[in-house]
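I have a structure here, written as structure tokens, and I will follow up with some questions on it.
As written, the chains take the letters A, B and C, and residue 1 is the first residue of each chain.
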Amino acid sequence: MSQALQQHGVQATIPTPVATAKIHGQLLTELPSDLYIPPDALEVFFETFEGPLDLLLYLIRKANVDILDIPMARLTEQYLEYVEVMRRKNLELAAEYLVMAAMLMEIKSRMLLPRPRALEQGEEDPRAELVRRLIEYEKVKQAARKLDELPQVGRDYFCVEVWIEQTLTERVPNVCAADLESAWRSLLTRARVTQHHRITREELSVREHMSAILRRLSGAGFVEFTTLFDPGRGVAVLIVSFLAVLEMARESLIEFTQAMPYAPIYVKLAYAQSE
Amino acid sequence: MLNPNEVKTVLETALLANQSPLSIAELRRMFDEDIGADTLRRLLDELRDDWRERGVELVNLATGWRFQTRPSFQKYLERINPERPPRYSRAVLETLAIIAYRQPVSRGDIEDIRGVTVSPGIMRTLEQRGWIDVVGHRDVPGRPALYATTKDFLNDLGLRSLQELPPLEDIARTLDLNAAPSNEEVFPEARAGEPAERPAETAPEKA
Amino acid sequence: MLNPNEVKTVLETALLANQSPLSIAELRRMFDEDIGADTLRRLLDELRDDWRERGVELVNLATGWRFQTRPSFQKYLERINPERPPRYSRAVLETLAIIAYRQPVSRGDIEDIRGVTVSPGIMRTLEQRGWIDVVGHRDVPGRPALYATTKDFLNDLGLRSLQELPPLEDIARTLDLNAAPSNEEVFPEARAGEPAERPAETAPEKA
């Protein structure tokens, strides 16, 4: 076999004794003497191949032949030698290697058919598909190398991200009037509290005044009734304030005191916490 | 051998590329030559001065030096990554609505209307926001506090008075009449980020 | 109203504070006044020039502008954060190259080109890195997923578009040391960023 390789001018170096290399813990001693093996350990060597196409490209490169005019017989022979070594060494041999072996042998045999007739019929060179795949794969290999050379974030450079100093203002939710309306609607639909909680615009102003008067009374002790009303703000406000006072009396929120008829009326909270 | 300016550039680069503070010891580790801690400190001080007019400042913290944005630039930065504004839960909104429309009310009143207990956390949320406060106590056993909305509540919602709240009369009437109300009114659109109320019949989404 | 220098300071601050690239649109959003995109671009160019002598550079990537450290400073920075991202295996890199140059492709396409099966781990590695994702499914039995590279892939490799990928070489000529006839006609070059023509016979998918 080494004769065949040499005839074709292939780099068919007799392997330098690689006695120190180990395969699966065993010294590598029984290499086929006719196979070119680089001076690396065999296992490591095979592991560097990403598959049959990769191995073929390696062989083509080593042989220094034209990829567009591959000497099929020689390439097939060499390829099979490598596969055989892999198999004998019990290296994990992917099924793809065997599929490729079959394909190479098929191409080789088709090459043996009389060429002229085949060409007349416009038949493609049997090697065309293989060559296309080899070229495509070689492109990918080179592209992968070039991608790897591009500066990569985290490996070749870092992104800048300085600390963002947050001021201590707490972010608070925004609420708009419509949110309250919809919250109320959902309450209604859930609880059917319609009758009791119907609220009109007028009533709202009463309730607003109730809160205001409660605020005014809190901590104030007795307040004279008349001071709860500000005639300057108009009759409408006056009436609403009065309604608020009545409602608060009804809800027992405030108490009235009058010493004698026509004496000043005083108002105080029905319950003041400070007491 | 790096000159002081080159050392400063390396320091600046390292500090810009690290969010966590870097100690003098860590910074020293970068250089082949042994640069004294004092020299580094002087260069860091210079660097801090170099950045004085910028939106980012170099600060010396307990665990080391760090570049950080100046608080005055936060308003710009916030607009780039607008965090989704936080939202109040439905419980908080309903409680607020009840207080707004029914004030002055006690927690018991709110619970009666909502049909569930009102957690102290809800009241606290609204009090801390400054939107409700206690305006009195009802003269019944337990003396429950009476809550009302505040001026801040009106201001924050852009209202001049409670009367500007949407009137609810119409809604109640719609519901009362039971006259096949349009979905629009009965089930207001849920807002993003808030669990929607799904009426049973339109219910479960197919995954 | 900010003057151009103040605008630049705000831009610088925002870019220093954000790891992910910021688009012109995002940057514009920061300002009350309406600053034209052209003006911003000019100021960004100025900013890039301002940083020319520093260890950090302003770059224009697929999704916007970003400050990043110059690779020449990596040797210093690595001494602070010794853990380095793993280098990818050839299998991962070749798979990535096929997806980058031939996208969208299925796993079957990748296997056809590489001549070996592609382990799920390889795809997962690239997906987890955020460099590839599924952009569709081919309408053939099994409906295999079609993969493409992401914007992050471009950003992380410092590219603005697939057009900036290193050009594919004329392989036949490289391999053919004996100066073979031009293969231009026989094996037309596929271009980066252009979906390759997939001959029908390479189609069948592995399930």
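FYI, a contact is a pair of C-beta atoms (placed from the backbone, for glycine too) under 8 Å apart; a residue touches a chain by one contact, two chains touch by 3 or more.
Keep in mind it's a predicted model, so treat the numbers as computed, not measured.
A.B. asks: Report the chain whose CA-based centre is farthest from the CA-based centre of chain C.
C.D. replies: In terms of C-alpha centroids, the chain at the greatest distance from chain C is B.
A.B. asks: Hey, which chain is the most central one here, using CA centres?
C.D. replies: Of the chains present, the most centrally placed is A.
A.B. asks: When the centre of a chain is set as the mean of its C-alpha atoms, what distance in Å lies between chain B and chain C?
C.D. replies: Distance between chain centres: 36 Å.
A.B. asks: Express in whole angstrom the distance between the two chain centres, defined as the mean CA positions of chain A and chain C.
C.D. replies: 16
A.B. asks: In whole angstrom, how far does the Cα centroid of chain A sit from the Cα centroid of chain B?
C.D. replies: Here the centre of chain B sits 27 Å away from the centre of chain A.
A.B. asks: Find every residue in chain C that makes contact with two or more other chains and list them.
C.D. replies: Counting only residues that touch two or more other chains, chain C contributes 16-18, 56, 67, 69-70, 73, 77.
A.B. asks: Where in chain A do residues touch two or more other chains at once?
C.D. replies: Within chain A, the residues that touch at least two other chains are 158-164.
A.B. asks: Mind listing the chain A positions that touch chain C in their complex?
C.D. replies: Touching chain C: residues 50-54, 57, 60-61, 64-69, 94, 96, 100, 128, 131-133, 135-164 of chain A.
A.B. asks: Under the stated contact criterion, what part of chain B meets chain A in this complex?
C.D. replies: 16-17, 19, 56, 66-71, 74, 77, 83, 85-88, 90, 93-94, 96-98, 100-104, 113-115, 129, 135-140, 143, 146, 148-149, 156-159, 161-169, 171-173, 175-176, 185-188, 191, 197
A.B. asks: In their complex, what parts of chain A are in touch with chain B?
C.D. replies: 158-167, 171-195, 197-201, 204-205, 207-208, 210-211, 214-215, 217-218, 251-253, 269-273
A.B. asks: Spell out the part of chain B that touches chain C in their complex, as residue ranges.
C.D. replies: Per the touch definition, chain B meets chain C at residues 9-10, 12-14, 16-18, 22, 26-27, 29-31, 53-56, 67, 69-70, 73, 76-77, 79-81.
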